[in-house]
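There are two complexes below, and they share subunit A, which is joined by subunit B in the first and by subunit C in the second.
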Partner chain A sequence: MVEYRLDCLGEACPVPLLKTQKKMAELQVGDILVVEVDHSCAMKNVPEWARKEGYNVEIEETGDGEWDIYIEKTK
Partner chain B sequence: MKLENNKYFKAVVKEAWPYTVGAVLLALLNISLFIVTGSAWGISGTLLNWGAKLYQAVGGQLQNWFYYSDPARLRALETPFFSHGGSLMNLGIIVGAFLASLAASQFKIRKIKSVRQVIAAIVGGLLMGYGTRVAFGCNIGAFFSGVASFSLHGWIYGIFIFVGAWIGSKLLVKYFM
Partner chain C sequence: MKKNAIDKEENVVETKTVVTNRAAVRPRKKRRNQLPFAIVVFLGVIYVAYLLAGKSAGLAISWIFGICFGVVLQKSRFCFTAGFRDPILTGSTSLTKAVIIAVAIATVGFGAVQYAAASKGGAIAGSISPAGWHVAIGSIMFGIGMVISGGCASGTLMRVGEGFVMQWITLFFFVLGTLWGVRHWAFWQRLFFDGAPRVHLPSVLGWPLAITLQLVVLGALYIVADKWGNRQKD
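What follows is the complex of A and B.
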């Protein structure tokens, strides 16, 4: 199990989602990707996509207008 | 209990509202606006007037502009800022969004990531601004208000905005990822 970080700070939609999709494809099952975002709609569409894929998702607010999205590749 | 853990505070102030709530509110507000002012909601025409006022303030001349040869448009431009409904509404959007992000403790001035991002923002802004004038409105004035008033142009606008977004996303993946 490896944890990767993806820096999407300063990126507007839909760039964080596209980058997340690309990165998730490279991960092995069991790996975790932490996506750092500061665009509130990325905080909505990235978890939405990941849950639809069946991955485990958790969101942590790390500062004013900043979030870490934890996505576990479950399959 | 801390305010930020209160479930009502979370649902109303902190988290994004469901799309359906937003849609119903937008529809009700647009109807109210139409009853009060007699015209449907629009944004980009006013933004152009703000730009034109700025241009005039630094000595720019507008009398030769085709766009302002229309007397109604010229009248909108000459209306003082605080007597112009469109200007007040746009100001309301900016102030309202600012207050909402402060209330949710989500206000942040984002860092500029690259020169490419700056160029994309300027080129994108200019194209959108130009597009709104040749299409007689943006996604609010032409699409949202067009569809709400049962006008065919709103639907045509809607179809082509999807085509544009599809091409735009292909370009985005190719040049910005």
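What follows is the complex of A and C.
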């Protein structure tokens, strides 16, 4: 299991989601991607997409208006 | 990638999932309590409403409606840009469906307001703009702009308030561009708007047919959006 971090701080929609989609394609099953975002819409649409794909997702608010989105590639 | 059946369920999107084998959480930054700011801002909003009410009741009502609209926009993360952009770029249509529902509700609401005004013999409320090819061309230009800049007018304003600095640049140039447009308004007016017809569907088709037609079209769009959002990816 490897944990990757993806820095999307300061990026507006739809950039965080597009970056996440690209990065997730490179991951092996069991790996975890941590997406750092500070755009409230990305905090909504990145987890929505990941859950639709069937991945496990958790959101952690690390500061005011900053979030870590944990995505586990399950398949 | 084959999707299993449960993925097609709409509500699965909101269910909680737990990431196993997770490394330690990044240490939280020290967070300031925002409640005092909220109280100050809330009292400020009321005070401004009070000042505006001294000038005219309409201004105060507009102010309160504006604030409420902003709160709803921020909390719901409603985004017109995403509604039009996501189906193509990311394959998600949840905001597209939200926009369609919003337009459907507005259709009924505006229909009622306009019908009430028209049946009393008054002028029809709302901005009924000249329709023509210039609308399509302008819409495409606006669409390109809003996808690049990350928000339409309302979305940009909401994110400016939220503190997303990139959108401050967007707002600056939004205002600049609008002022530029106003400066040359007479030119555009002469070229496009004067010759274009102003179409108000209920006046042409009658109220029941116009409202029904609009709702049927919106319903059809909703079904298409739903199908598009749940389509199989390979």
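One rule holds for everything that comes next: the second predicted complex is superposed on the first by the 75 of 75 C-alpha atoms of A that agree within 3 Å, B and C clash if a C-alpha of one lies under 4 Å from a C-alpha of the other, contacts with A are read in each partner's own complex, and residues count from 1 in each chain.
Heads up, the rule we're going with is that a residue touches a chain if its C-beta (ideal position, glycine included) is under 8 Å from a C-beta of that chain, and two chains touch if they have at least 3 such contacts.
Owing to the predicted nature of the structure, the values given are computational and were not obtained by experimental measurement.
Q: Any idea whether subunit B or subunit C touches more of subunit A?
A: Touching more residues of subunit A than the other partner does is C.
Q: Quick one: is A:65 in contact with subunit B, with subunit C, with both, or with neither? Answer first, second, both or neither.
A: So A:65 meets both subunit B and subunit C here.
Q: Go through the superposed model and pick first if A:14 touches only subunit B, second if only subunit C, both, or neither.
A: both
Q: Going by the contact rule set out at the top, does A:22 touch subunit B (first), subunit C (second), both, or neither?
A: In the superposition, A:22 touches subunit B alone.
Q: Using the touch definition from the top, say if A:75 reaches subunit B (first), subunit C (second), both or neither.
A: Second partner only, subunit C.
Q: After the superposition on A, what does A:1 contact: first (subunit B), second (subunit C), both or neither?
A: A:1 contacts subunit C only, not subunit B.
Q: Tell me the contact category for A:44 with respect to subunit B and subunit C: first, second, both or neither.
A: both
Q: Using the touch definition from the top, say if A:32 reaches subunit B (first), subunit C (second), both or neither.
A: In the superposition, A:32 touches subunit C alone.
Q: Indicate the residue numbers of subunit A shared between its subunit B interface and its subunit C interface, in ascending order.
A: Shared contact residues on subunit A: 10, 14, 18, 38-41, 44, 63-66.
Q: Which residues of subunit A touch subunit C in the complex?
A: Listed in rising order, the residues of subunit A that touch subunit C are 1, 3, 10, 12-14, 17-18, 21, 30, 32, 38-41, 44-45, 48-49, 51-58, 60, 62-66, 68, 70-72, 75.
Q: Which residues of subunit B touch subunit A in their complex?
A: Interface residues on the subunit B side: 16, 101, 105-108, 110-113, 117, 169, 172-173, 176-177.
Q: In their shared complex, at which residues does subunit C touch subunit A?
A: 1, 3-4, 7, 12-13, 15, 17-23, 25-26, 28-29, 31-32, 34, 74, 77, 79, 81-82, 85-86, 89-92, 94, 147, 150-151, 159, 162-167
Q: Applying the document's contact rule, which stretches of subunit A touch subunit B when the two form their complex?
A: So the residues of subunit A in touch with subunit B come to 9-11, 14-15, 18-19, 22, 38-41, 43-44, 63-66.
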